[in-house]
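Both of the next two complexes hold subunit A, though its partner changes from subunit B to subunit C.
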Partner chain A sequence: MRESYSKENKVGEGTYAVVYLGTRQSDSKKIAIKEIKTSEFKDGLDMSAIREVKYLQELEHPNVIRLMDIFMAYNNLNLVLEFLPSDLEVVIKDKSVLFTQADIKSWLLMTLRGVHHCHRNFVLHRDLKPNNLLISPEGIIKVADFGLARAVPNPREILTSNVVTRWYRAPELLFGAKHYTYAVDVWSVGVIFAEMLLRVPYLPGKDDVDQMEVTFRALGTPTEKDWPSVSMFPSYNKLQIYPPPSRDELRNRFIAVSSSALNLMCGMLEMNPGNRWSTVQCLESAYFKELPSPSNPADINISSS
Partner chain B sequence: MSAQFEMQLYLSRPYLTRQQILCAQKNTIHDRRSYNRKKLLIIKFLTDLTLQLNLPRKTLETAIYYYQRYHLFNLFETELCYTVATSCLVLGCKQAETFKKANEICTLSLRLRKMSNINSEVLDAFKKRIFQIELRILESCGFDYRVNNYVHIDDYIFKFGKTYALDVNICHTAWIIAYDVLKLDLLLTVPQHIIALATLKVACKLLEKPENLCSQYEMGNTDRDLINEAYFSIINFYINAFDLCDLKDNLPSYIPPISIERFMVLKANSGPEEGLTELTESDVGSDRFLEEQRQYSVRERRYVLSTDIMRDEVEALKISGR
Partner chain C sequence: MASKSTSPSAALLNDSIKSLVSKHLPDDYKRVTDDDLYRHSSQYRHWSYTVGHLREKRIETNLKAVKLIQAKLQKFIDEQGDNISQSELQTLKSKAVPLTMEEELKLVNFYTKKVQVIGKHLNLPTEVIATSITFFRRFYLEESVMKYDPKELVHTTIFLACKAENYFIGVDSFAKKAKSTKDEILKYEFKLLESLKFTLLNHHPYKPLHGFFLDIQQMLYGKVDLKYMGKMYDKCRRKITEALLTDAVYHFTPPQITLAVLIDEDELLVTRYLQMKFGKPEETVEETGTEIVTPAKENAQKEKQEVKQEVKQEVKQEGEKSEQNGKPEDHPNTEKEEEGAETKQEEEEEEAEVPDGKDENTIELDKLMEQIMACKEMIASMSVVSTQDAKLIYAKNYYCQYPDIVIQKLKRKQEQEQEQVGSESKETTEEVSPMKKQKTDV
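Right, the complex of A and B next:
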């Protein structure tokens, strides 16, 4: 049988894979081929590759990257993914791209829909950041890179807290929690929301210790009152206690955003993971019901002016 | 620069009937007695490895699924089977999210086989072989990660037990039976939640407790056939290979002594033996998925999960006349 894909130029290289641009022969559609480097790891096939296939096979949603195919070639494992030429990090950083509150609302809505789909299929993403929110040629945001994802753990299962890129890491992970939930992803989306509004990273810690300092200085150090048992974490006693920001302070930080936008952000950046909003609460928030309506993704111009 | 590939296309079929399994094994297992004898030793070996590495039952179950699946499409070689088993455990750890360093697993594997002089050279050569087999295992599963992902037998024994308020002794007995199930080909035939239900059904019968799991568990006819397949496979195992079972040696005090006769009575009281409908011998025999050995010399091998993609490919081939 003749294959239906052609592999063209190399477009990127990560720790465990090389990404090529390709074409699907049947409809000349651009695709991305991720060639997994199988022989170069001391533990065999990399966990990230396994997780990527495992979870993308289970998930099918307009706001989640699509795994189209898997094939072995020259004894290398290849994943065929839809080709997504841009990502949110590039757009946020490119100051020549101008976007509106309605555009931000549209991006946040698409992100939350993608993350909600993961959660309702019992998958934690654990590495949400602008760089992993890819943008299709039609302007659709797609959650990508499931290399750190995992199924929702059983109640007594012990997990590693060394997940999520530092700036987007939830407080329970900063404290080294051995068990956590969907709330870690919601926190990351909250930080991404703030970054879209500010156009600079919201909580840019220099290292793991500084990340705690930066996070709690900006959002207040959690206390036993709002997060019972938080002081049981070993690193808690070394913390400087900062008060949470007042509503006025938040308004000054995020000028020109509506009250419901601030409510949503506060819900997503709730210190206590038990009280943090779920993706359903986020999607049902007043922010998405008030004007301006989210932009039509295809109408958002993300190319430099 | 652009390249085009010569390809083979496989549709994932994670579960097969008994006849289909036998058909596939015809190509790969030339001495069935030797395979069966080794399989029991491998299960013991993998059990020892998982115990010493402090891994849960789900990892063992995943490794055994891989071991059996591998030998549907790859030649069974007695001298290689411990290496294959170790590779299955390395991969099983990754699949079940109970990650262990390959070094740790490989060293222990060599040590359990009483290998002397385990130096870094020996270890590296062993690991290299393990990683080559790892991909072959995944190919024999069609890269279908849906199996052994969320559903494992022991998890579901307790989930069903809790949902249907079953006695703890029933669940405990089912959990012991579930270990014996790993010796059968059942993991290749029916999904794990079905095995969990079947073990609970056997446990209820052994403990002489009333059970109506089949009516409690909302199921269609397919599920009923699957449960019957699993139930009768388990009963037949205890009748045909009672000496090999672990249940008799690990019998909880609350179960009256068991014997082959006890299972024969169970079977006699269970009505006609039902299960999955087998295709005719000629249909099974003409199934190229089972009949043909895997061609690793074909450089590109594509794996799909959906029949729709398969259908699209066939249509595209018809149109292009290839």
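Right, the complex of A and C next:
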């Protein structure tokens, strides 16, 4: 039987879709309907919509947004998604919300699990940022927005480096690499981790050039020693060479953070994508095993008091 | 272990072999493992059928269209009222006949081949052509050629497949290259997507082929000519594309199809490889033990053991599966999260209790060979539909949809006969025939 849904108020407008709140008629469950406008696109179904549908159909995981149904109405494609009333960006920005180290650990763990699930299915997300980490009413983090996702490339495939929102863009992308892989997503998660700890964006570049400056000032300019052939990238010569931060400098920046947390963050923010940690390494990090243990998602209070 | 999900090429083979494991999971299956991934795929969930179920599906699709056509035909006859003569009625009854399921299938196969040819002509990558073929055939599992003219879906399908494979070509330039129009290409794009049940990700056998080739070269290192292997690889890729034109895709997993194609290409080599990989340890040592001189020997041995365990599971599960008829059930999603220890599962997997016994190993290889051979046979049984056949079916399809044309044609013929009786001078008359019109496009 075909489910029916009611469409209620509009909650957001993305690049290629309008999002409405809605209700599933059969059980009055709250849902979100992402309506993809088709008539506007001269090339038929939009690539972002195609990617989103393609990957969400395959990725079923507690930490990946659930695509519950798809239907056509009035020549529009409608994605029925689970209702996720908040996102990490809102939470981080809302200074009236207090959260603990255990809460951060819980969010990072859920994020990494979601990203790991993508990677094990050979999918790169390519647009991880706090705004795309939605939060369910039960406090569960869900990786969302697969409009830029793609399959893990073959080694020889040429890719566009123009992916990922600037502040979360890995150094190989900043250099314009034509080959990259899982490591770009891990970098983004590393920057998000730092942002949760600092509660301000960690590497807020003003433009693409400034992004390199900001990134390398904070984390050191990569050298041939730790990233062989990095100097072959065309833009490398123009770079100011900054030394990597000392452990103490990092500790001063990230106050009250355990050393295994710093290890994990540095693993994710490793300049050389070949040495950057995989999601598996991240999930196995000592950080998740030491106290405090991650908060129970349902116990994290994210609504402003 | 840690590299497993980070390196696609390492995971490739593991994945392939693991998905050889049968389609059914035990109820107490709690964890997500790689072999589980294929079973979670939309390809497995929506597009895998038993032979019986596939047939039922085609019959159902055909029947639905037949009923529509017959209703339309009856309506047409009713509307004509007294205007329709007995001979006209007779002609309608014999000419305007809906297609049978077999005829539909032939027409679909004929046009699928067209999809392939056009894809090649457009210089599309192999995977994009493969996806086009797959989409086209799936569409006609859901819809009848009597409702959607296959000619009108060829370009739409290729265009959507390009997008689905991230090989974007703008609609205008696509239309130009394919000598089609934008409207024609986009007309049924939504319909196509809907009939595809919104599933766009395909697992083609090319990836497992790559994995098996790497493994064969490693296991038979020094025993195989690399130049020969390169040629064989290319041939196998072509054969895989041919296999995608057959129903094997609905009954076998991509790695099974890969092995069928491999065996078809070089039975001796591939059998030897499978013996080494899946055969009894004694057998392996006796037959090939002295030949293997590879640094990775120990690894290979270990892997072989792992693979054996999986195949054992497969044989067990195959048994379960054959007991049930119809579509392999979607297993309940028993996926569970473990606290931070998600990645520990591999080790635990290996501990899974599997009865050991030499006899069983033999059975497993036999069973595997049986599957591969069945798959190979199914691929080979594909018969080419001649243009002549396709034209006849196409015409039949045309007449059953346009009874008025059948009548017109009959009237002209009668007039023509009368004229011929009256005056011998006129020699030929233009006939209203769909075949003339379609000559160039069929």
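By our rule, the second predicted complex is superposed on the first by the 301 of 305 C-alpha atoms of A that agree within 3 Å, B and C clash if a C-alpha of one lies under 4 Å from a C-alpha of the other, contacts with A are read in each partner's own complex, and residues count from 1 in each chain.
Simple rule for what comes next: a contact is a pair of C-beta atoms (placed from the backbone, for glycine too) under 8 Å apart; a residue touches a chain by one contact, two chains touch by 3 or more.
Remember, it's a predicted structure, so these values are computed and weren't measured experimentally.
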{"item": "Subunit C versus subunit B on the shared subunit A, clash or fit after superposition", "value": "clash"}
{"item": "Partner chain in contact with A:9 - subunit B first, subunit C second, else both or neither", "value": "first"}
{"item": "Which of subunit B and subunit C A:50 touches, first, second, both or neither", "value": "both"}
{"item": "Which of subunit B and subunit C A:299 touches, first, second, both or neither", "value": "neither"}
{"item": "Which of subunit B and subunit C A:289 touches, first, second, both or neither", "value": "second"}
{"item": "Touched partner set for A:151, first subunit B, second subunit C, both or neither", "value": "both"}
{"item": "First, second, both or neither for A:109, with subunit B first and subunit C second", "value": "second"}
{"item": "Partner chain(s) touched by A:210 [first = subunit B, second = subunit C, both, neither]", "value": "neither"}
{"item": "Which of subunit B and subunit C A:226 touches, first, second, both or neither", "value": "neither"}
{"item": "Partner chain in contact with A:73 - subunit B first, subunit C second, else both or neither", "value": "first"}
{"item": "Among 183-191, 291-299 or 327-335 on subunit C, the segment whose C-alpha atoms clash with subunit B after superposition", "value": "183-191"}
{"item": "Subunit B and subunit C contact sites that coincide on subunit A, given as residue numbers", "value": "38, 42-45, 47, 50, 53-54, 57-58, 70, 72, 75, 77, 122, 150-151"}
{"item": "Residues of subunit A defined as touching subunit C within the complex", "value": "38, 42-45, 47, 50-51, 53-55, 57-58, 60-62, 70, 72, 75, 77, 109, 113, 116, 119-122, 150-152, 155, 181-182, 278-281, 283-284, 288-289, 294"}
{"item": "Complex interface listing, subunit A residues touching subunit B", "value": "1-9, 23, 25-26, 38-39, 42-45, 47, 50, 53-54, 57-58, 69-75, 77, 122, 150-151, 154"}
{"item": "Touching residues (chain side subunit B, partner subunit A) in the complex", "value": "1-9, 90-91, 94-95, 97, 99, 101-103, 127, 130-131, 134-135, 138-139, 143-146, 149-150, 155, 299-305, 309, 313, 316-317, 320, 322"}
{"item": "Residues on subunit C engaged by subunit A in the complex (per definition of touch)", "value": "2-6, 8-9, 11, 32, 34, 37, 40-42, 159-160, 163-164, 166, 168, 170-171, 185-186, 189-190, 193-194, 198-201, 333, 335, 337, 340, 342-343"}
